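Notes to accompany the following structure.
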Amino acid sequence: AANFAGAATELATAYKADTGHDVQITTGSTGKLYAQITQGAPFDLLLSADASTPERLAAEGHGPAFPYAFGVLTLWAPGMAPDRDPTVTLQDVAVRHIAIANPELAPYGAATIAALKAMGFYNAIAGKIVMGQNIGQAFAMVESGAAEAGFIARSALPADAKGLIWNVSPDLYPAIRQDAILLQHGNDNPAAKGFLSYLVTPAAQAIIARYGYALP
Amino acid sequence: MSGVDLGPLWLTLRLAAIVTFLLLLLAAPLAWWLSQTRSRAKPVIEALTALPLVLPPTVLGFYLLILFSPKSTFGAFWVQATGETLTFSFTGLVIASMLYSLPFAVQPLQAAFESLGRAPMEAAAMLRASPFDRFFTVALPLAKRGFLTATVLSFTHTLGEFGVVLMVGGNIPGKTKVISIAIYEHVETIRYADAHVLSAILLVFSFVTLLIVYSLNRQAARITG
Amino acid sequence: MSGVDLGPLWLTLRLAAIVTFLLLLLAAPLAWWLSQTRSRAKPVIEALTALPLVLPPTVLGFYLLILFSPKSTFGAFWVQATGETLTFSFTGLVIASMLYSLPFAVQPLQAAFESLGRAPMEAAAMLRASPFDRFFTVALPLAKRGFLTATVLSFTHTLGEFGVVLMVGGNIPGKTKVISIAIYEHVETIRYADAHVLSAILLVFSFVTLLIVYSLNRQAARITG
Amino acid sequence: MLTLDITLRFPGFCLQVAQKLPQTGITALFGRSGSGKSTLLRVIAGLESRATGRVAYGDDIWQDARHFTPPHKRGLGYVFQDTRLFPHLTVAGNLHYADRRARGLPGPTRDEVTAALDLGPLLQRRPQTLSGGEQSRAAIGRALLTRPRMLLMDEPLAALDEARRAEVLPYLERLRDRIGTPILYVSHNMAEVARLASHLLLIDAGRISHAGALQDLLASPDTISALGVREAGAVIHARLAAQDDDGLSQLHTSAGPLYLPRIDAAIGTSLRIRILAQDVILSRTAPTGLSALNILPATVTELHSGSGPGALVQLRTGDELILARITRRSATALDLAPGTPCFAIVKSVSVAPGNIGKDRAPTAKL
Amino acid sequence: MLTLDITLRFPGFCLQVAQKLPQTGITALFGRSGSGKSTLLRVIAGLESRATGRVAYGDDIWQDARHFTPPHKRGLGYVFQDTRLFPHLTVAGNLHYADRRARGLPGPTRDEVTAALDLGPLLQRRPQTLSGGEQSRAAIGRALLTRPRMLLMDEPLAALDEARRAEVLPYLERLRDRIGTPILYVSHNMAEVARLASHLLLIDAGRISHAGALQDLLASPDTISALGVREAGAVIHARLAAQDDDGLSQLHTSAGPLYLPRIDAAIGTSLRIRILAQDVILSRTAPTGLSALNILPATVTELHSGSGPGALVQLRTGDELILARITRRSATALDLAPGTPCFAIVKSVSVAPGNIGKDRAPTAKL
């Protein structure tokens, strides 16, 4: 998944330092990668942004799948005071557009909708919603100033981000579980299997956590 | 497979029609100027007009997003002047698409104008036609084939492209969600059957439109001899 | 911001150069045929050649992926004939990009050929030039401006497009990861600084290339008078 | 008065003309292929922006160091050597294009032009389907409908056959007389020039070598070398005196009566008759029993022997000067010298119809 | 023998020609503007695929119901009315284009053509920068370098001045004589035609109205109405007998000696001399003291009075028939009738240089 690319690169570097195995990383939207995998793409493993795609792949004979990280949904409104109430902020007229990831495509998007509904004012702000195809595009919309607020991945937030930053409480949305799965193409590749095992080591988990993910 | 929502199709057609129309309005004088000028700036402008094609659409969209956003000077000016933001609006889509399809309009028109040579324009000048007059009554009709190419390329490109549109438009149903985004979504969400249906509709519709355009053009050419 | 990897740039240039070259080879005879034929099939073929533009690139890529995959008849045949799969290979990228940029090559060339009229070809025939001969020695040179347009549009479009390429090529570094994908990735993964650097490199490089092309063209035109 | 003082340089060619042209009547521009005729017309029309110098039409300055009137504001008509009809319009459309932009200006109507140039059957046709001569006629018609202050014509009749020329020429003459539009006329055909023009410009390698009233130039042995021997000839004035029953017209000239095949004009009309030097035979004694009707008493005024076998004799007959081109052998045999009285025999039918022009109003001096 | 039996219909025009053309010498195609001359040439060249019927050149069938030889395989040269030089090539490039594709075929070399048409100074120029006449010359040169089996020329000299024509014509004649390439030559200029051609086709409204040996047609009062009065005239054979000191050439004809301005040819050369009917004066008595050197004894053979003031007299002088155009008044005054003996006075210089042609080998019969 695109949102995990930064972390994955660092993991690969660390893995190489440990084992000497080179891991090549291909990023893309999960849907695109799925289409490619079913058409015989030479990928060994998939770090998906969701759980359903690996599940589907497992049903088609790939596998096994297991979670490697949980996404953290964050509201970011760079122009607002850090201590403002997020609920009030979202309904403020000064916030004309709220960027989210496409709920059809990205688990973060689906999580955002769920959280807004749970908070009870989804209908009030539905007209303000603009969608990026993924969390990266939603972030771009906020970053550029085009949208005054947006729901993004904690992992995407730069360290020096200003303004209102609010990690949505995890009980407001279903867990954004990101699963990894070993693909058929990687069955004979020990390095692929090794990397999968590496993902759940404490060293790897530390890296993942540093990138703003919750751990399984 | 759910019922197919045709809203994005109409939105797309409206967008493509408006973009193509405005683009031709804008590109014709630019292409004409390029074809006539002896300015040393000519190759520079020519190279610039081709540049929108070089960046990946999403990336171009990203930069346009930054340019259009109310935080930028241009975006702020626009908000002040019109009360609307350019981002996430149909107007913004139109401007972004125009920029992106600019090369498809300018280049064929310029080529057509250049192939005219000076003779017909000189002849028109000797019939008391002002430069403006002869542009409309001689250059434009004689560059008809260039207009056809420019129109077809701009229109179809606007139909199909979505990278720029997605970034700048924000995929708002009924406002900025065009058909290309809809098809893309279906593919990404593995709803292939829906994708096939929408693609087929778009393809058949486009094919029929193009067929009509080309058949009319052929008849016109035959009459002209 | 990490050190910028220029590998994708060279890969892209190779791809764009090969695609443009092959595309012109393919498009020139097709455009010529279209410009000369009185066949009733002409408008149909014309409409068909414009269709690749209509589908969103990713979606077109999706269908090409299905067509190229070893599971399809065509893909299987290819594997048998060459031992390679078309999907996720450079060859596959070339074919996919050619298909996608086809309209940009065919349309300007056809317009250029049509604007020639019959007079120069008749003159060449009376100088003992066979149809083949006169195509190369008269039609092609006189359609130079159309070739310039076709080349610039095909080349820049191949530089910038990534939807098709991403789908068919699978973004494999050194093999199918072109610069447009790299920039796209940087934007998507919020490595904006890297994206800016790569975009700037691509833009400057393209601008300089285009500037050189247009300046040469201008000089040639001036000599030709 | 069209005043020119211009320079235009091409690689290997330089047009340099300082000249005044009359603003009435037809001025012929005559010169060899490549001598700069078309280029001069283009400069006058304002189509050569690289030309430097000064162009003024009456009080209007069209071009000088600071000012340049664009072509479409000069009010000129131009018949291009290569016609340049608009391919996207029919012949009617081409005519209409000019007509519409010249509404309200004095000049011929669309119907008049169509009739005079016999364009009726061609109106609905595209230029690409016309024959060479048909294109020329349409281009002339279009230029006339511009109702110009001055008409520039670049070999307009070169693609026409004799019969067509004989139809178109009188129409141009009528226009000249009725509308008074001055015409600058490029031609290779001296018969055409002599019939139409009142003034003549001879251009050679980009410079005007001779300029003046047609009659003076054609009767001057001096100009002959520039014109080429075969075109030498004089133009004399005549008045139509009577129309005889057997189809001949009787003309009155200061030299005596002249008989020509019937000229369709009113009795009393002033005419200009061209007599080619090579159509004149000289005799010392009054000849009898000849089929030639016109025998004019004359006196030799000048005798020029060239390097070739010919000699050019200038004669005064009445008030007029005419030229005769004979062989040196004959000049010797007849013992001709300035002052010698003799007879000039002019075959009536050798005065070509193309060389009869209706005289214009008093000729402006160059 | 080029055998034609073809039909081509345009809206409002129908070309219908069944005709054999000789495969040697120059055949002139003469007719009014719009009569179908260019169209006929295009049909022969194979450029009008809509034409139906049969075209055969000798034994080669170029077109019939089943077969169509494409233009580039017919081995023809074509000088188009609108020149059609390639704008992307220089003049040298245009010549080379033809030359390269005709390697090894008999015909003039590039240098010869360049010299003959004075193309040297133009070689590095683009066609767009050439004057009208310069373009014509380059187009002629290009067609010659195709070294064709037959040359089709559509008014090739219309844009040239007299002096240029006088340079180009002899070169075409030399080609005709040396290489023997047959030429089908469209022209509006009867002097050109009479000088060059051995055969004549008169075309009118898409049909051939007269066809035959030039000499027969020009001397036949019958053809005159088709040609227009001014072009009537006869061509007679002569042999160059002597070059006199005073620049005259003495010719021997069956009618007696003729004196003409110097002709550059070897003593003994066969020549064809055109005498326009209107350049002949008749006298009942032998005239004396005239500047005209050529006085031929003759007998009237036919007398045609037209509706106009003129009369056309056919005369036998020696073995030749010549025509004289005089007024009816003179015919009556001189009491002319078939059988009347008289004298034909021909001004030596009135036989234009353009009307002297070197005679070809025996003329093929139509």
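Note that the chains take the letters A, B, C, D and E in the order they are written out, and that residue 1 is the start of every chain.
The rule is short, and it goes like this: a contact is a pair of C-beta atoms (placed from the backbone, for glycine too) under 8 Å apart; a residue touches a chain by one contact, two chains touch by 3 or more.
This one's a predicted model, so the numbers in the text were calculated from it and none came from an experiment.
Listing every chain that touches chain A and chain E alike gives C. Touch-path distance (fewest steps) from chain B to chain E is 2.
At the chain D-chain E interface, residue numbers used by both copies make up over half of all numbers present, so the two copies contact each other through mostly the same positions.
The distance from the centre of chain A to the centre of chain B, each centre being the mean of the chain's C-alpha atoms, comes to 35 Å.
Computed from the mean C-alpha positions, the centre of chain C lies at a distance of 60 Å from the centre of chain D. The distance from the centre of chain C to the centre of chain E, with each centre set as the mean of the Cα atoms, comes to 56 Å.
In chain B, the residues touching two or more other chains are 58, 62, 184, 187. Shared interface positions of chain D, i.e. residues touching 2 or more other chains, are given as 82, 129. The multi-chain contact residues of chain A, meaning those touching 2 or more other chains, are 32, 35, 137, 140. By the definition given earlier, chain contacts exist for A-B, A-C, B-C, B-D, C-E, D-E. Considering their complex, residues 42-44, 46-48, 50-51, 53-60, 62-63, 103-104, 107-108, 110-112, 114-115, 145-146, 148-149, 152-153, 156-157, 159-163, 180-181, 183-184, 187-188, 195, 199, 202-203, 206-207, 210-211, 213-215, 217-218, 221 of chain C touch chain B. Those residues of chain A that touch chain C in the shared complex are 2-3, 5-6, 24, 26-28, 32, 35-36, 39-43, 134, 136-137, 139-140, 143, 156, 158. The touching residues of chain C, counted against chain A in their complex, run 58, 62, 65-66, 68-71, 85, 87-88, 166-167, 170-173, 177, 185, 187-192.
Of all the residues in chain D, the ones that touch chain B in their complex are 45, 47, 70-72, 75-78, 80, 82, 84-88, 97-98, 101-102, 126, 128-129, 142-143, 146.
Taken together, the chain D residues at the contact with chain E in this complex read 10, 12, 31-34, 37-39, 81-82, 121, 129, 131-134, 136-137, 154-155, 158-164, 188, 228, 230-231, 244, 246-248, 259, 261-262, 278-279, 281-285, 287-293, 307-310, 324-331, 334, 345, 347-350, 352-353.
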